[in-house]
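The next block holds one structure in the form of structure tokens; read it before the comments.
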Amino acid sequence: MVQKDYTLRELMAVVAAKQLVDGKSVAVGTGLPLVAAMFAQKTHAPNLVIFFEAGGIAPQLPTLPISVGDSRTIHKALCTTTLIDIMDSMRRGFIDYAFLGGAQIDKYGNLNSTMIGDNYEYPKVRFPGSGGANDFGSLAWETLIIMDRHSPRRFVEKVDFITTPGYLYGIGAREEEGLSPGTGPSKVITDLCLFDFAPETKIMRLKAIHPGIKVEDVKRATGFEFIIPDNIETTTPPTEEDLIILHEVIDPEGRIFPK
Amino acid sequence: MVQKDYTLRELMAVVAAKQLVDGKSVAVGTGLPLVAAMFAQKTHAPNLVIFFEAGGIAPQLPTLPISVGDSRTIHKALCTTTLIDIMDSMRRGFIDYAFLGGAQIDKYGNLNSTMIGDNYEYPKVRFPGSGGANDFGSLAWETLIIMDRHSPRRFVEKVDFITTPGYLYGIGAREEEGLSPGTGPSKVITDLCLFDFAPETKIMRLKAIHPGIKVEDVKRATGFEFIIPDNIETTTPPTEEDLIILHEVIDPEGRIFPK
Amino acid sequence: MEMKILKEGTGEIFCKNTPTEMRNWTRVNKTRALVDKRMRIKDAVKKFIKDGDYLAIGGFGHIRIPMAIIYEIVRQRVKNLSVAGHTAVQDIDVLMAGGCVSSVDIAYVVGFELRGLSGVQRRLFESGQVKKTEYTNGAMSYRVRAGAQGIPFIPVKVMLGTDTMMHSPGKVVQCPFTGEKVLLLPALNPDVCIIHAHRADMYGNVQIDGHIVKDDLQARASKRVIVTCEELVSDEIIRSDPGKTVIPFYMVDAVIEQPWGSHPGNMPYKYYFDHEFTEDYLTAGRDKDLEAIDYWLEKWVYSLNDYDEYLTKLGAKRLYNLRDLEFLRAPVR
Amino acid sequence: MEMKILKEGTGEIFCKNTPTEMRNWTRVNKTRALVDKRMRIKDAVKKFIKDGDYLAIGGFGHIRIPMAIIYEIVRQRVKNLSVAGHTAVQDIDVLMAGGCVSSVDIAYVVGFELRGLSGVQRRLFESGQVKKTEYTNGAMSYRVRAGAQGIPFIPVKVMLGTDTMMHSPGKVVQCPFTGEKVLLLPALNPDVCIIHAHRADMYGNVQIDGHIVKDDLQARASKRVIVTCEELVSDEIIRSDPGKTVIPFYMVDAVIEQPWGSHPGNMPYKYYFDHEFTEDYLTAGRDKDLEAIDYWLEKWVYSLNDYDEYLTKLGAKRLYNLRDLEFLRAPVR
């Protein structure tokens, strides 16, 4: 049973934050990714550097931005520049992590944020498309994927459209297609569990489950076969102090975590 | 006989200036080209826009610069930018004229500013190389060439090294090699005369001679056969007023025109 | 020796301008002189934006967007625009609601970031009424950089291996120097670029405070550039800080002083989002009854003569509250 | 389908770094954290510049050049440097006089613009002692832009049809989208870039007043970046005008406050050329007796411990006269 003194979104934010190592850099989107990055800065990673796609580098965020390009993302920044300059820095190898999400994901971590349906011309649902996601997923050293509403409709055998590359069709595929060596998704954080990828196959592997969740729950919610190792960790729920940071320091207006 | 109340350099500056149409733009080097551009601004072309290779756009020149990148070239400029931005603007078609010179020139207006000799590894004299000259000669709409010391050693049948493209090997050659259509040298201003290029062959053609110079003088000083049309103009010598502008307004320190 | 094309996408290239044509066009059509380029938005749109043009929009979809120009394009009922969806949000949505758009180079569209999806855009894309080709934000910037540089294509290291690539016009080749695989994308040279900036002089020297996003490149790559600015200043002010001039005068065709010109978008250092206005707009667009969005357009665009009337309708208090919001301070009025 | 290579130059590529290697190297060797990067010039040169490195120099040959670093490289007798001669004037000349250079990518070298040719460089290039490959200033900037963008090559529209091209490593191909001919040049990713700027903070956020020339691109393309600045400021000053930050901290490895760091070069808005100093230097270099330049080096480089001693030797009056010259005013001292 999930403890009711924290929400799954809070847990996901804290689990995501813990993937970020101090002194590294991260390109973030709005919402949970930014909350995770800010939480890391306030706790174990004070020297984490935040990049925003639209051109803000290392701002002193006064409040949560609504857009990755809004005023807050350049507030007392060390540098305000262009979108292409951020992408160039990422390609040069300066950006360690990027957070991504999508409508669908497959066992190789390929993400679909373009469309649902089997006809590109007439999709059932049209989503935004890549935005910077494909750039981030191609160029950042590690992609951290956050997927809420973990279900077989979202965790599928084959995504309707590969918007952003995971490991494509398996080990060596990224390199074969010309993507930068040593890159790819490293973790998938869902509202049930935390996956990583098996080094020998690049197939998603259960790494940890949230308190109260069973492996069977994850299997039922996932539309593909993932690897179940012998040792499965349990994620650490947010502490009282963590929740105070989330609510009072990072999101006092209750935009991400409604009060 | 050349009138002795003006020097050939003064005449060349004024003749060069007269090639510039008001409201157009010019990329200039230091020395005579800049003097010509400034002279045009002070006389018939007040709306001539001056670009400097190192990044200065439309400055209010307080005095003659020593370098195309020095402080004077950005004095109260409208924009200070990068070398590549100037080149990009030139490729986009925004720059009408560029002034060039060199150690050698051939009948197609190909320029050598790289080396004298027949062995690239061990040249007799090594010159600066292209700098921005090849870029200008490739990208500006019209190249205006200024060559002093008109002699068979400088006006040669075949230059030792094509640093900057004139018409290469004749009509259509620039397009064949991939250079931008509609470009190339339009005039060559020397201390004896003014050449243009015959439209049907792209070979240098005598357009005007300086007062007191004979066609024979030009032939003797030129190491290749140029076209001699029926009508040859005589260049207009600088007026008293022109000389005042040159000496008192543009070069009061006597750097280009020693007093 | 050769470079083999190993794979290629099937996406349509909507913008046909090539760098060489751009040069030739520029020679004849763009003045290099310092001339007064002030005009009314109405006249600038009439003069420089034609049915069927390819349009690039400055800013970031709902940040520093040229809304005064966007509304005027809708008001003049310009048709069959192709648009660079290089993070396009409220800007493209209003154009699409107004029926001005027939094809889009998609990097980011349909979404309003945290605010969710657009009903208007979903309808038009899902029904196939608006054509599309896929790119990424990086890819679109690279294409525009190639256009600005005057080269016909550019190698990139994104999109490789994905359906995004297969629905683009990209071609995979091996680098003749290193052997590594790269994707070649065609340059992008839009017909028109519209930009909202902090300040400009009447000649078109444009300065932007904060992040430039992609406006520098888009202005350099486009045939026509129309600029609105919060403040029209003398060229002496420009000349006192020329390093801040992001777009030099010779690229610009029209300059209009239009304070609050990005509403309901966020103008950094000037005013924050009009959140309520955008939410109301989104609600109208998501309504299954298409009259809802038509009513919105009638109310905020067609029934008004120009942006001055729009601002008057919004009212001073509403606008100044957005300024307070930008500076994170409580309103006093 | 294929892109045939129609023509190619024979010039040697001196810098072997590829974009993919750069990425991998960057991941391991460059800190992203905000750490204090101040150090002495002596230590920065010792730590970051090795024999055989490929060096890119900021500024424009005799404008905003990092002379304090240049002198230190000579003093430490670094050998076999390759240098980007992307308008290289007094900067490269002193390095070549000091015997530090074995090969040069030439766009503009040997010349001192209006001041004439360098005896030092003529000797070394004409005797074949220093290797060379030909480019243009534009081409070198394009190569560095490709390096900054992390792509292995870039198409350009210069050099075509000339001997400059034939003595470069360029390859002519047809564009697979438009059919037009372009020249492909390899990206350039220097090992070290040295820059003199107006101000920086201790983390390496660098701001330059006036024209940037090529420093933004060179810093982005290089492995190591060493920056001297006229003024070391707090990061609060940087944060108050972040649009002016041309080079962000994570690219920079060492920051040194070094006023007058560009002497005898011109530092825009700070001091003008020391014309007499440069003329004396050129005279020494042109002397057929090689002892003349050795004497100059002994006097101004080897016999001095650091740049502080160099400035002391020049004397305050001489330096402040250069400031007066910059501002076109009569000296008062």
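What to note about this one:
By written order: A, B, C and D. Residues from 1 in each chain.
As a convention for this text, a contact is a pair of C-beta atoms (placed from the backbone, for glycine too) under 8 Å apart; a residue touches a chain by one contact, two chains touch by 3 or more.
Only a predicted model underlies this, so the values are computations on that prediction, with no experimental measurement involved.
Counting hops only between chains that touch, chain B reaches chain D in a minimum of 1. In this structure, the chain pairs B-C and A-C differ in their number of contacting C-beta pairs, and the larger number is found at A-C.
Using the average of C-alpha coordinates as each chain's centre, A ends up farthest from chain B. Centre-to-centre, using mean CA coordinates, chain C is 37 Å away from chain D. Mean C-alpha position of chain B lies 40 Å from that of chain C. With centres set at the average Cα position, the gap from chain A to chain B is 58 Å.
Here the spacing of chain A and chain C, counted between their Cα centres, is 28 Å.
Each of residues 74, 80-81, 91, 180 in chain B touches at least two other chains. Counting partner chains per residue, chain D shows two or more touched chains at residues 19-20, 142, 149-151, 157, 180, 182, 210-212, 242-243. Taken as a graph of touching chains, this assembly fits none of the simple shapes: it is neither a line, a ring, a star nor a complete graph. Here, these are the chain pairs in contact: A-C, A-D, B-C, B-D, C-D.
Within the complex formed with chain B, the chain D residues making contact are 59-63, 85, 87, 89, 106-111, 113-115, 117, 121-122, 125-128, 134-139, 141-142, 145, 157-164, 167, 172, 180-183, 210-214, 216-217, 266, 268-269, 272-273, 275, 326, 328. Of all residues in chain D, those touching chain A in their complex are 19-20, 22-27, 30-35, 148-151, 203, 205, 220, 235, 238-240, 242-243, 245, 248-251. If you check the complex, the residues on chain D that touch chain C are 1-5, 8, 13, 18-20, 142, 149-157, 169, 171, 173, 175-178, 180, 182, 184, 186, 208-212, 242-244.
Interface residues of chain B, counted against chain D in their complex, comprise 29-31, 53-56, 62-63, 66-71, 73-74, 80-84, 87, 91, 110, 114, 120-135, 138-139, 161-165, 168, 173-174, 176-180, 255.
Chain B meets chain C in the complex at residues 22-25, 47, 49, 57-58, 60, 74, 76-81, 85, 88-89, 91-94, 96, 141, 180-182.
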